[in-house]
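Attaching a single structure in structure tokens format; questions to follow.
Chain nomenclature is as follows: A, B, C and D, assigned in order of appearance, with residue numbering initiated at 1 for each chain independently.
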Amino acid sequence: MTLTIAQADAMLAAGAARAHTLGVAANIAVLDAAAHLKAFARMDNAVLGSIDVSIGKARTSALFQISSEAVWDYCQPGAPAHNLEASNGGLMPFPGGLPVIATDGEIVGAVGVSGGAPAQDLEIAQAAVDALTA
Amino acid sequence: MTLTIAQADAMLAAGAARAHTLGVAANIAVLDAAAHLKAFARMDNAVLGSIDVSIGKARTSALFQISSEAVWDYCQPGAPAHNLEASNGGLMPFPGGLPVIATDGEIVGAVGVSGGAPAQDLEIAQAAVDALTA
Amino acid sequence: MTLTIAQADAMLAAGAARAHTLGVAANIAVLDAAAHLKAFARMDNAVLGSIDVSIGKARTSALFQISSEAVWDYCQPGAPAHNLEASNGGLMPFPGGLPVIATDGEIVGAVGVSGGAPAQDLEIAQAAVDALTA
Amino acid sequence: MTLTIAQADAMLAAGAARAHTLGVAANIAVLDAAAHLKAFARMDNAVLGSIDVSIGKARTSALFQISSEAVWDYCQPGAPAHNLEASNGGLMPFPGGLPVIATDGEIVGAVGVSGGAPAQDLEIAQAAVDALTA
């Protein structure tokens, strides 16, 4: 399955709606399964530094096909993949990036959110994913 | 004036509508006046290489406050600014990038389009600008 | 509010005066709110490596609208945003970068200082900010 | 001779004064003989794209110890140094960059100006150099 722009826009809209509810000004990035940018929105008043972070979280998820914070399980102190976070131009291994998995288990893309607290970013990303898969 | 996400989305929608009419699968990027990404859409079947080109055209327009192809007037053979296109990490001085100018003359952002022929990209970019300023 | 060159020069002068008092040879960078360079001074005998660091601290502050060391609160061990410092081409999350906030709360720019000990760099940056906002 | 910050500031002031006379909003960069940034000023309303161009012109002059446009004599069509402009991360071989030569012939730095027409940028750069050497 290929992620369409209609699906990506639905993800952005659902993420933005949740962000509004939370009172968060978020950057939301949707990437395809190959980690190329498909759609992006910077909500009004979102900080500039989070543009790159949102794309980075989505890229982290797309490249490893797991949530961005799950990548941290591999590179955190005591885990075997020391410095994995320096690969691929710099990963963003913390909450806010989620893969989009089709019902057949195939990854079709990823979403990354940055602008709020990590738990808020994750909730916004989940809302975006749910718009496509729920 | 600060470009809002509602305005940027209206620009993306108008650009995509024109692209559909032309039968072009375009990448469309909207940046703020300081050349930071505000909104982006990759239409289905748009080539991957044009993602960066669309952002680059918009960045070229935002940085110099003129159309992307007007920058070429400065760097083309016989013009005085040889190799200007190598500045700022690489400019995209060909048709498809337009500044967004408010009625008071202030630049508020820029749009960049890539995916079709240069004339088509320019027409799509103009449709996006017209959505905001017409 | 747009940061003027007169304001930026006043910030540089105030920062340099404080640096002289402290016996520090500092690099001082003033950026606008969108992280573009507005004014810069390398005091005599300041180390070359600190040119980029001073700009990087100011960029870190502008992009996240907080002091550069406050960004470390997000990415330090135990905090949730592991490797955030690798975003945006490399952040400088340690003392010496401060946002410039107008009386209405709007960010209008940032200053970054490098050349002395971190506490000295911060004191110099604060002197620069005070020149504009005190 | 080492270029001091007092000298660099005098160059910036003289350049800005000439730019005001010409009605040009210029970016002015002063580099030392090793092409490291010493001082910089972006006049109000100068275009963002010219920040990098002004530094690039000064860098071009410092690296080759001649005016930026004289570098073009080596790389222009018919000249032997094809593509020299792609060296050093991208040269800016057009008017507006000048070396600063001490009375003993030693190069002590360079100035680069961007924001106006090439002839204006050159005139502003010359005014900056004259402030130090006249």
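Note that in this section a contact is a pair of C-beta atoms (placed from the backbone, for glycine too) under 8 Å apart; a residue touches a chain by one contact, two chains touch by 3 or more.
Chain labels with UniProt names: A, B, C, D = Heme-binding protein.
All of these numbers come straight from a predicted model, not from anything done at the bench.
Just grab the chain with the largest centre-to-centre distance to chain D, centres being mean Cα coordinates.
A
Mind checking chain A against chain C and telling me if their interface is mostly the same residue numbers on each side, over half, or mostly different?
Looking at both copies, the contact residues mostly diverge.
Give, as an integer number of Å, the spacing between the C-alpha centres of chain C and chain B.
32
How many angstrom between the C-alpha centroids of chain D and chain B?
30
Just how far, in Å, is the C-alpha centre of chain D from the one of chain A?
Using C-alpha averages as centres, the distance is 44 Å.
What parts of chain B, by residue number, touch at least two of the other chains?
34-36 - these are the residues of chain B that touch more than one other chain.
Who touches whom among the chains?
Once each pair is checked, the touching ones are A-B, A-C, B-C, B-D, C-D.
Which residues, counting only chain C, touch chain D once they are in their complex?
Residue positions touching the partner: 2, 4-5, 8-9, 16, 36-44, 48, 51.
For a test of understanding, state which residues of chain B touch chain C in their complex under the given definition.
Spelled out, the residues of chain B in touch with chain C are 32-36.
Which part of chain B faces chain D closely enough to touch in the complex?
By the definition above, chain B touches chain D via 34-35, 60, 62-65, 77, 80-84, 86-89, 91.
Mind listing the chain D positions that touch chain B in their complex?
Its residues touching chain B are 47-50, 52-53, 56, 69, 72, 75-77, 85-86, 90-95, 118.
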